Amino acid sequence: MWLTRPLQERSTQVFLGVLFAAVALVTLLHLIMPEGHALHVSAYTVTLLGKYLCYALLAVAVDLVWGYLGILSLGHGAFFALGGYAMGMYLMRQIGDRGTYGDPVLPDFMVFLNWDSLPWYWQGFDMAWFAFIMVLLAPGLLALVFGFLAFRSRVTGVYLSIITQALTFALMLAFFRNEMGFGGNNGLTDFRDIVGFNLRTDATRLGLFIATGIALAVGYVICRGIVTSKLGRVSIACRDAEARTRFLGYRVEWVQLFVFVVSAMLAGVAGALYVPQVGIINPSEFSPLFSIEIVVWVALGGRATLYGAVIGAILVNYAKTVFTGVMPDAWLFALGGLFVLVTVFLPKGIAGLLQKRRKQEDDDPTENGSYKPQSKEASA
Amino acid sequence: MSVFEQLSNRDRVFEFLAPEASPVDVRHGPILYLEDVNVSFDGFRAINNLNLTIDDGELRCIIGPNGAGKTTMMDIITGKTRPDTGSVWFGSRHNLLTMNEPDIASLGIGRKFQKPTVFEALTVFENLELAMAADKRIWPTLTAIMKAEYRDRIDEVLEMIGLKQLRDKPAGILSHGQKQWLEIGMLLMQKPRLLLVDEPVAGMTEQEMERTAELLTSLAGKQSVVVVEHDMGFVRSIARQVTVLHQGSVLAEGTMDQVSNDPEVIKVYLGEEA
Amino acid sequence: MSIKKYVKLGLSALALSLSFHAMAAEDPIKVGILHSLSGTMAISETALKDTMEMLIEQQNAKGGIDGRQLEAVVVDPASNWPLFAEKARELLEKEKVDVIFGNWTSVSRKSVLPVVEELNGLLFYPVQYEGEESSENVFYTGAAPNQQAIPAVDYLKNELGVERWVLAGTDYVYPRTTNKILETYLKDMGVAEADIMINYTPFGHSDWQSIVSDIKKFGSAGKKTAVVSTINGDANVPFYRELGNQGIASSDIPVVAFSVGEQELAGIDTGPLVGHLAAWNYFMSVDSDANYDFIDAWVEYKGDEKAVTNDPMEAHYIGFNMYVEAVKKAGTTDVDAVKDAIIGVAVPNLTGGYATMMPNHHITKPVLIGEIQDNGQFSVVWETSSTVAGDAWSDFLPGSRDLIADWRAPLKCGNFNVKSGTCGASAGEQALADAD
Amino acid sequence: MGISRWLASPCLKRLGLTVLLALAFIVASPVKADPGQALLADLADASPRQIDAAIEAIVDSGDPRARDWLDAYGNNRLSRNKNTGQVVEVLRNVGRNWTIADPLTGDNLGEISRRELDRVNINNAIRGKLEGVLAMLDLYSDDPEVQENAAEAMMGKVNNSVVNPLNKLLERDLPGPVRNRIEESVAIYQLEQGDSQARVEAIDVLTGSLHSNARAALNNAVAGDDPAAAARAKQALVSIEQKLQMNRVAETLYFGLSLGSVLVLAAIGLAITFGVMGVINMAHGELIMLGAYTTWGMQQLLPGQPGLALILSIPAGFLVAALAGIAIERSVIQHLKGRPLETLLATFGVSLILQQLVRTVISPLNRSVTTPEWMSGSLVINDALSLTLNRMYVIGFALVVFAGLMLIMRKTRLGLEVRAVTQNRAMARSMGIRATRVDILTFGLGSGVAGLAGVALSQITNVGPNLGQNYIIDSFMVVVFGGVGNLWGTLLAGLSLGTINQILEPWAGSVLAKIMVLVLIILFIQKRPKGLFPQKGRAAEG
């Protein structure tokens, strides 16, 4: 069974092991250690780590399409944000009449821009199950339609990258508009509770953190499952020699579409878990620069090695947290410098370093996945 | 003893080479039929009223100077290029002009490219696995499991193309000749009714060429094979029927001797060769 | 082999959690500064961070507060709204700051708000905003709409006899709300629907050709026309340039801006703009000794003769002094004590008057109308006779008409509905009722 | 008695003293006599009600300096010295100490602390009147230019105090445009104040005038209480409207063209680095920014002559950006041959660094770039249609740059080599083309052009650290829409996108218009996966 296959391979076992160990460790340190003890992990840190894990999942999603399908999506932030908005709308409805205007139905921003009734696309988001389905469906559908159009007409390489960028840019502008009914620039915020748990308690935060950990694990296994399956090898085939794959009788566009949609849904889940933890979702998540940044995480961690994406995402964002605190005026230098140095001196990213140490007969076929003399994008 | 001795004794038939029941209808005549095909790339006429018929099980060599339209012809047959006019039939049932590459491929037309293209990031084994005739839709592909019989089949082909030792090495590290072989191997895995082989021996050593020749001839009869080649020696060694293309249309057709004595041909082509 | 790496990764996560526990000495009063130093908002916010550092320096020179020195804790939320919330949490939970001065955009405030309320911190917010908010933990030292927009409109109507109005803004909450308020206000004054033109543009909009020519057209209908601009930051330069080039002089169609201050003008060639207006509660050109001293100190601090001051800087100046007074009054930095103590505290502002903290956590301000001069300064042409108290809940929005905020002992409510007499009670239905 | 004693005698001393006094008196007396002092004092003290009177007084005084005084007043330059009460003219009003002069004698009184000065108040309403008054003065000037501007300024400012002088003026012989203007402005006055007969005549005068004030007056007349005039005014307006329609179409096209040319400028550099070299340069925007900052820097170096500075900064901007670009190429991109996507990541890092560099080194604030005289204002086709000059220059500039690039690519050795290298690197090498040198030059060229774009943009939008970000995405859209590696495509794409945007904007609103354009790009790429002008040949094959 394709989903269980990854569980037998060592790298996945190691990854899951470390992940669960880390989550468990943080949880314990948070619960057991007393406030102010040197080893105590504050709720702040827990949420922070939770955020990193969301980014990690997002990065894995991007690596799936970029690393194994050769599709450089500069618009994955859009799927992330859509998932986030779906969750945000649910949380918004959960506020109920506790908003500043105490309106039982309308969110505050609708009240003071005096909308008189809830727009149709807000219907149903008061029900958790519906919202959670939308978390998958909204990004999934967008990816499906967009991908269908793009792959069917064989848009490839940089052209694809740029129109994904156009996609997320257009969505950003759209969501900035207040007429859209998503709170415009202010976005959705001031959340109270999620499925009955108060968002402002440490317990809930811990819960969300653990949930994110699990989501990352599941997402990782799904991606592994795909890339270690025959389909995974087919997608690598599409990446390296699309025409050839067609002549072997594979419908390249469907392969691309399938993987793209899966990836988009994972991104959506990441977004959905991200929103309750940071407490706000706003159109800036759609900004093209954010999407590019995601790609940078992946490249930095090591393309076409899913765990590399995880390392990259966590590393970059940890660096961000530290730098913005330690050297507020100069942190962009550090970050920019990091990007440059890694891309120039670590073409295979950090994972590349790890692999160098490995022996050649490593049973993991995708290790070679990063070996690609002329990949499609080279035609840019 | 080498595979090729086995191959050469005619009564030995590899079951995986035996064409399985295919939808192609060859009861009345040719397996491939091109009529009045024309293609032009902004002004330049690459194919010019091309008429060509390949009979079932035939081994046909196609020669012609550069720019004669050999590769373009293959592109048309495999659905990569659409002709401006004309008709292309596979058997008497399938109009290839209405199909796309994957459909055509799954109908049983395999193609080997002029420039050998294998999946360099994948191992030799995986290359063959992907080529293997199977249900190639998304879900079956995702859930496919490597059955023992498949593995055996792949190993047999590996044996045949002499890449057994390199089984688990990425195809990227293969030599040019090895890549050629791997690609032929992939063709075999597809179990095609019609093989289009574009310059199979380019960059091969003498003895590699020999092998190739043996293999191709052995295939003929069970499958139809169309070989495009420059190397006259090689063509002579395998050719029964030879077609000479010139400026996008058939210049001459017949056995090697007939062709090579045809004054027209000598003028435009062999003349230069000799 | 690779396991080691993984473990390393795990450890780094642990190390990170550890690093958050470097607790600083309890002694100094820690002042968190939460302004973007990078990203799009750095343009506006960097100066505010410097202002705070200067004020803290001065205060320490004066011996701090009751002998306790002040210590600035600066972080960079990098113009990224979720990061604002994260950094606020870092300041309060990790750095254990006693008070935060920060934010510029409404969205950043909105994202910080839940954090500050949950962790019971203090936030001083120095920028004019759309109102419709009063949090127990936030002090709004910038202008509410009734302290900026409405007086400006009055001025245009009464002094310049404007009858036709263009409400142009960037498409986000502040302009939306302000324009809604103004629309209602104007209509209440009997301005016809046809005499109001509302236009929204995206952030950083740089091509104003057609909009400006529309304004021109709108202005040629015979009535005196004015533009009320809530256009945000970067979009202003191209906007004013286009005005100048299409030959719209301030004497034909004056533009009154609510987000264009000295700092924005520093980036514009003001030659063609002379006579266009801005409404603020402070101008650098204000003729008062307090102001001159402040400017001198600022120029000193920046070491730049050309350094400019602006309204949000004054807001921080007021807010900081209020905090200082409140701490002295309360004798402690304990948040709740300070919250109670600060209401009613009055400190001098830079325009020669006093600013008082109101029970709704907004302050009293004079409203000034200034005309742009060729030297990038404003010249005050009009000001309110007395200071105006900030109104958290606008009287011109159906949803908030009946709401008041009062954080004093008995009521302690940010959105008390006077109709239903309950706190946070459903004004929403009210809105619906008014809507239909 | 002896001489010496006579000399010492007191009477003589007394005499000398009186002489001195007399002299002193003679010197002092004119100051006392100067009426300007009083006039200005009145102006300074005047309450809003009395202001008009004070101005009138100054005008009627017929004092030759009156105009300068009113100018100074209009420009906020009149201030009162708090200590002496003297009214002074501020010459330099930046910094903490201002330079002042005596408006009466015009001699410089040196510097004085800003705190000591109390500005003489003025506001728009007064300024409006003042313009009318000054215009009235200028109408008598014999410089036709001044006259024309004055007449222009007169529009809509005519009141019963000036109408008679104007009518007198009309009896003189005046240059055509001046006469028409004055007639129109008088007509406007008549339409508002005159009797019904006068109104009708006025309307006839105004019919066909495209001037906005004329339209305003007619609109009022339509709304007015005189039915006859109202009807006639309506007809006049209808005929005017028809004329306006055409002008608006022309205007929209011009807007589209200018927006398009901006896009082309921003994108054309990218079309080279990205299209020809295949380098996805995310720092392209920052190179544009450098060009803009160069312009600012130039203007700082040459204070007072923005025009010259602007012209000089065209080569300067090119060089700065080109050098920066080459630096990037050498330090980063050359290590990433054949890995175009990695170039995206690395240059993204570079762009972050450059932005923050500008923030820390120069300032996070926008810098003000002054527009030279000859570029500000607009070219008046007619009263309804006037083309803004700065944008017209930008359009021209864009076309020139494009033509230049075309020449380089088609006609020069470099262009040949560049195309060779892009077609087939190895082959080109073997034919003795030094590929690295070509790379450096190409990238330098592309970056330099980006710098030029910056110089142009500095005349249109902010010069600040975010300048680049605002254009990078649009640039990529344009290049891809036009077809990577094809300069003509970039030109066409830029212009068409700009025009489409401007056509959509009026009815869709700027936000929706932008969204629509993006969607259009996406859909278009579906139809033509390789842009407007796809690259031909094997180079394009993936």
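Here the chain labels run A, B, C and D in written order, and each chain numbers its own residues starting at 1.
As a working rule, a contact is a pair of C-beta atoms (placed from the backbone, for glycine too) under 8 Å apart; a residue touches a chain by one contact, two chains touch by 3 or more.
Bear in mind the structure is a predicted one, so any value in this text is a computation, not a measurement.
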Chain closest to the middle [Cα centroid of all protein chains]: A
Centroid-based (C-alpha) most distant chain relative to subunit B: C
Between the pairs A-D and A-C, the one where more C-beta pairs touch: A-C
Centre distance in Å when subunit A and subunit D are each reduced to the mean of their C-alpha atoms: 45
Euclidean distance of C-alpha centroids - subunit A vs subunit C, Å: 34
Rounded Å distance, subunit C centre to subunit D centre (Cα mean): 30
Computed distance of Cα centres, subunit C from subunit B, in Å: 74
Subunit B, residues touching no fewer than two other chains: none
Residues of subunit A whose C-beta touches two or more other chains: 173, 176-177, 329, 332
Of all residues in subunit D, the ones touching two or more other chains: 355-356, 469, 511, 514
All chain pairs that touch each other: A-B, A-C, A-D, C-D
Subunit D partner contacts - residues on subunit A that touch it in the complex: 72, 146, 149-150, 152-159, 162-163, 165-167, 169-170, 173-174, 176-177, 242, 288-289, 292-293, 295-296, 299-300, 329-330, 332-333, 335-340, 343-344, 347, 374, 376-380
Parts of subunit D lying in touch with subunit A, wherever the complex brings them together: 274, 278, 280, 282, 332, 335-336, 338-342, 344-346, 348-353, 355-357, 360, 469, 473, 476-477, 480, 484, 511-512, 514-515, 518-519, 521-523, 525-527, 529-531, 539-542
List of subunit C residues in touch with subunit A within their complex: 1-3, 5-7, 9-10, 12-14, 16-21, 23, 37-38, 74-78, 80-83, 85-87, 89-90, 93-94, 105-107, 110-111, 113-115, 118, 132-133, 171-173, 176-177, 180, 200, 202-203, 397-400, 403, 414-415, 417, 424-429, 431-432, 434-436
Subunit C - residues contacting subunit D, complex: 37-38, 40, 42-43, 46-47, 159-161, 171, 199-202, 204-207, 209-211, 213-214, 216, 219-223, 234, 237-238, 241-242, 244-247, 250-251, 254, 263-264, 266-272, 274-275, 277, 287, 289, 292, 295-296, 299, 305-306, 371, 373-377, 379, 381-382
Interfacial residue positions of subunit D with respect to subunit C in the complex: 75-76, 93-96, 114-115, 118-119, 121-125, 127-128, 131, 212-213, 215-220, 223, 251-252, 255, 258-259, 262, 355-356, 359, 364-371, 376-378, 386, 388-391, 460-466, 469-470, 501-502, 505-506, 509-511, 514
